[in-house]
Every structure is written in C-alpha cells, then in structure tokens.
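Everything on this sheet refers to the single structure shown next.
Going by the order they are written in, the chains are A, B and C; count residues from 1 in each one.
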C-alpha cells in the first residue's frame, strides 16, 4: 500500500538554512548538509530545498549545496528557487536532485514545464504555487511573494497539469511559519482540479494539522517550522499518523 | 491532576499516553513498547552472550585500555562498569561528561564506585558560558534545554576513544527499553553511532547547526567552543575500527535487578527526585542531575505526562506493579519543581516567558492548563545546587532575526 | 568492481553516492567497450523506455550487456533499468527490450484512487528468497521508494522475487539467472535500499 509522505522543507539562504513567517523575518535554522544527514538518519520520506534568494537574485539554485546534499540524502530530494531554463534543471538533476520545484517560471513561462516534462519526465517536475488570501479569493504570487499575478489559480493548476507537472507544491503565504495549520481551503481547491499528487505547504505547527491536510486530500505534507521550532521529528510524526489511521513508511 | 491529561489516549497496560514519542497503539490498545518488551524474553540471550564473549575477546589487551565506558554515575552506567569489570575483568577507561548539574549523592556514589573497583577515570567539564548559550537556544527551539548534555555525552567518549586509540566503547541501556526508535522484535544489536545520534539523541541539531544559530557579529562564538558537541568524522572512527555498542543488546537489561546488584556490591545509594514519590523510585531512576525536575516538568507541560508515568510503566512491564496500582501515583504528576527557579536564573527568563515558550511547543493533542499549579517538594540537596541570576532583559527577545 | 552504465538517462550521482557510502568499489562509465572490466553491472534509468533502448543501441551497449548476463555475471536494473530487462514495452509505442527476463512492460490503469505515476514509499512482499535480499533484515517490514507509470509483467511467475501493491499487485523485484531488477530505487530507499545494494555487491550471480 502506498504510504503518505511527510517532507521536511529547508529554505536556503547562502550556505545556511533559514525559516521565517509569511516569507519574512528569517531565523537561522542550521547547516543544509548536516540537516540532510539528520533527516536521513531520521528516515525522512523526501526533502525539499528552496533557495529563497535565487529568483530575486536572478540565479538558479546553488549547485554546490545540491552536490553536498546528494552525498547525504539516500531518499529523493527536490530543489527549487530561480529555475528558469531546462539547462538549470539539467544541472540540478546532474548534481543529484531527483526533482525540481518551479514556482515563478511556472507562471511567467509555463512552457518550461512542458519542456522539462518532455526532456526529463513528468516525475521530475514539481509545480510550485504560492498563494495569498485576498478578499475571499486566493491570489497567485511569484518571486518569493514579492510579485502579484492576476492569473486564475485553478486555471493555472489545470494548465500546468496538462503541460506535464508531476506534482503540485501548494504553499500558503499567509500561513507560512505561523504554525496555526495549513490553508485547508486553498488545499481543497487545488485537490479538486487535479489528479496529480498535491503536497500541502505552509502553516504546519502540530501533528493535528498534518492529519487535517490529509483529510483535505493532500497526498503529502511539507513541514519546516514544525521541525525547526518544536520538539518534533519525522519518526514521531510517523507514529502519530499511524495512530491516526494513516499508512506511513516502515523503516 | 490536570484534567486535560485524562483526555489523552493511553496504553491499556503501561499508561504511556499518545504524546509519548514514537508510541503506537495496536488493535488491543497496547503500545509498541509493551509489545517489544513482551518479545524481550524471546531474544536468544545465550547467543547474544556468546557474541559479547567474542567481542570482548577480539578487543581486549590490544592497547592501553580494553574499552571505554561512558559514565554518568546513574544506575545504568554504574552497573555496566561493574559488570564489565567483574564478568570479564576488563580494564576500562571511564569517561565522564560533566553536564554541570551533578548532585552530591551521585558524587559520593561515584567516588565509592571508582575506589572500590579500582579504575582510571577521565572527566570533562565544558565551558559553562557556552553551556548557558546553547541551553537557551535549544530551549527556545525545542523546549529541551539539555542539548549540551545529550550532545556531549554521546560524542565526547568517542573523541576520547580516538585520542587514546581504544576502539571498543560499551554503553548501557538499549533504547528498545524506552521507545520505539529501536525494537526487540527487530532482533538487532543497538549501536551507538552517528545515525542514532542524529536520529534521536541531539534533538536534530548538530554542532555545526548550533554554531550558526548562536554566533553573530554582535555576540560572537569561537567555532572551537562547539568541538565538545561535534561528532567525530566517520572516516576517523572507521580507521580506528571502532565498535560502539549497548551492553543491553547482549544481556537482558533490568533496572531493578541492576540496581539491587550495585547497591549490594558497591553501596550505591538512590536519592530523592523532585515530584516523584520515593516509594516507586527505589531503583534510583534519573538521580544524576539536579535539573531533572525542571526537565520532567517541561515534559508535563508539553505532553501531559512525566517521570511518574514513565517509572510506573517500567514497573508494570516488568510485572512489579499492576496497571491499576500506578493510577494514584500518576494522579500526583505535574507539580512545579523548585529547581525551575534555578533554571530560570541560568537562562535569564521570567516564568511567564518560559511558559509562553513551552506552550508554543505543546504536543498534539495535549493542552496544558497553566492556571492550575501545584508545587513539588524540595529535595534534601536543593540548597547545594549552583545558582546564577542572569538578566535576560539585556538581550532581544526570542530567536535572533537575520538581517 | 561495480560498473554503473551511463547511457544518458538516470540519476547516476545518487547511485554512485549510495554505493560509495556502503564502501563498494564503483565506476560510472559510458563506453560499451568497458563492460568486461566489471564483475557487476547496474543499469539505472529514469524516463521513457523507447528513448532508453535507443540510447543503449546507439552506444553499443545491447550486445555487451547480454553477454555479461549470459556469462552468469550479476546485472541489476533499477526502475526504468529494470523494465529494460523485459522482452518488450508498450510505453509510447511498441519497443523491444533487452529480453533478459521474459515479460512485458505495461501501464498502470489510472483511477481516482490510484493516480499515475505511482510515486512514494510502498511495502514489499517477498515471494521467494534471493541473494539480493541477503543483507535485508527479514524481521523488519521495510518500504522502498517508487516512481513509475509502467510496471513489469513477468511471463514466468518463477521470475517474480517480490511484489508490491498499488491498486493491484505488481512486480517489485524480478530476476532470472544472474540478472535482477528492482522497480523501486534502492539508492533512494535509505537503510533498506543500501542493504539491498550490499546484497547485490556480494552476490556471485548464482541462485
């Protein structure tokens, strides 16, 4: 039976990991290579690395970190941040990443998704959606929440699905780092319009929030603050989920 | 007793609640740790003993010491030292990481133990200023202030092993006794290595992580200050052909009989624990450290159970207490220990701030009622605990925000 | 010495890292003439069957790989690499495979409960003992990481070493003679996967 996935997320800034609230007020959360070693020891299902400076600094994810991480990660890991071309993707995959997360380019140049899916396979492509609640709607943002777009959220999801996105990483800017729970409404909206796996992101603060995300249809949950700012780790999460009736990985 | 704690789902046998780390309940409502312990008697202990004999034979008499014994002075390390020296006549180097909170009874026990057994002992005390900084940082992030102790205890003996060229390191109790990171059912020897260290010893924070968390231009930290908490490189350990194992994987571990042994043979004495009735702690659980009460209290605030539940659980699993006999003791859990004031003094925190931080890391589904506070008794040695009254107001509140 | 076949498709670095970590001697190579240098071969693979076979053909790997297997030397296919061991695949057309383990590669039937691709951790049901599993602790239930839309339908059930379940039972490990293949990625399956790679390295090719 396929197990639910719990995916620690690590934001990269230079050579360190950081974590903020609503995409600002960042605090140091460790060294990415050592964090990978720790998560590997804890048998985390996958990892997601997002280079948060990349898009706004007009460069792709730092490959140096990817290379070092791939020596420690014996589970799949995704890298994202500043991915603009298929060459960026190729380099990330050659450096050892299994998948790439594309957020800004998914909105500004969706043909990249199609190109990536064709060259590397849909399983390599994770489409990232960052959204903010405004007047009862969810509005799409790119450039690490700095640039607003008028595109319809669900139309975007449908289009990216058709173009070849393998999974969707759905991130709530409002809930990011707040540890009050995922934006369940946002999650449900996206789950309703795609059959591809949806990864919930932004807002997990306790194990109950993870169960709520699964209930809402998420296939996987991404967590950052939950692990950085709480006495929690992947093995403990697995035990909770098992008790709550969700199938999780045995190690 | 805090009414919220009764809402937690608990193991029908040992009463450990759903907020206990790695606990899982089966169809009968019995927890995985109880099931693992049930299986303990099915382990081929005769074969394990043979493995131990072979291990000892392989490593003994090769260098200045036959093995390293990491030692705190608690019931487990005292027993493991005693066992290795009497059963195998090994020449160990005892290595002790001084976390800074040693109690007088333990100091006396250790002096008696070392002198009665006749053994070389190396003790290391880390820089207290750094200890305070990492205590606060770990407390803020994980509401567990003992990072320096967890990290130091499990890395320092390996550093010594490398420096003295002693590859065999014997630890004591297996984690399979307490949690489900390891399990008797899997029939494996428990190694104490970097994987275990990162999985469940260091709160998921390595020395490298911690350095970047506490160092800043305004308040710099010398990288070398984190060396005592840094796991030695695997390639060095492999070159040493190290073997770092738990004695409890080779002989069945029983806290009560182990303690009876060391009481009789070494005059080892148990001690009072804040918030724990002595009648259930004759075997001297956790008496090494005067911050234990504060530690147990934080656990209760976060998870709705504490030391009394854990001690009762052992007794129940080892048929020394019936499940229903534990309940009146568990009802007394969660009292605020006097040593909390000592901790707040070190960290420079007011209790209100302390409570806010702990509240933010409550483990689902537990919610603590902070309006309901009962006080635990002081232990006899309370006045002897080292004290500092630090002023936290000089530093910015919360974790450092990056520019 | 283990050789990882570089035919332009697959996460070679991860596989190399995993084998390095376990302490095995390994080399990644792209020249078909070097096949005979290696006692063990691993064929990785991520992507489409047709393109993979085309790459193997144009780089001259087909005959040497078959010869390696015929000589009774251990050969392991991973994910797409495992599927390439089959006789044929219907992914985007009708393609011939290496035909080292008779069988066909067929698609999963997508449904709402079981969307395709099958991606994530799934358990393993062992059908028969095999040296590949020698280092895997039989007392642990271990999951492995899968990401695929097609699966291997073996002609002979005897060749099915282990299965998994995703809406239907499918082949997780296939093997015949000195040839073996895993649908999952052992280099991405942590302790269980590393144990499997160790088992492969120590296997002499006989069953």
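Throughout what follows, contacts are C-beta pairs under 8 Å (C-beta built on N, C-alpha and C of every residue); 3 or more make two chains touch, one makes a residue touch a chain.
Predicted model, so just to flag it, every value in this text is computed and none were measured.
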Neighbouring chains shared between subunit A and subunit B, ordered by label: C
Winner on C-beta contact pairs when A-C is weighed against B-C: A-C
Chain whose average C-alpha position is farthest from subunit C's own: B
Whole-Å gap separating subunit A and subunit B, where each centre is the average of the chain's CA atoms: 35
Separation of mean Cα positions, subunit C and subunit A [Å, integer]: 28
Between subunit C and subunit B, distance of the C-alpha-averaged centres to the nearest whole Å: 43
For subunit C, residues that touch 2 or more chains besides their own: 140
Sequence positions of subunit A contacting 2 or more other chains: 40, 43
Complex interface listing, subunit B residues touching subunit C: 185-188
Partner subunit B, residues of subunit C touching it in the complex: 137, 139-140
Touch list for subunit A against partner subunit B, complex: 13, 16, 18, 25-31, 34-35, 37-38, 40-43, 179, 206-208, 227-233, 235-236, 239-240, 242-243
Contacting residues of subunit B [partner subunit A, same complex]: 9, 18, 21-25, 141-144, 180-181, 194-200, 202-206, 208-209, 212-213, 302, 360-365, 399-402
Sites on subunit A touched by subunit C in the complex: 1-5, 40, 43, 45, 67, 70-71, 73-76, 93-96, 98, 120-124, 166-167, 195-197, 219-220, 249-251
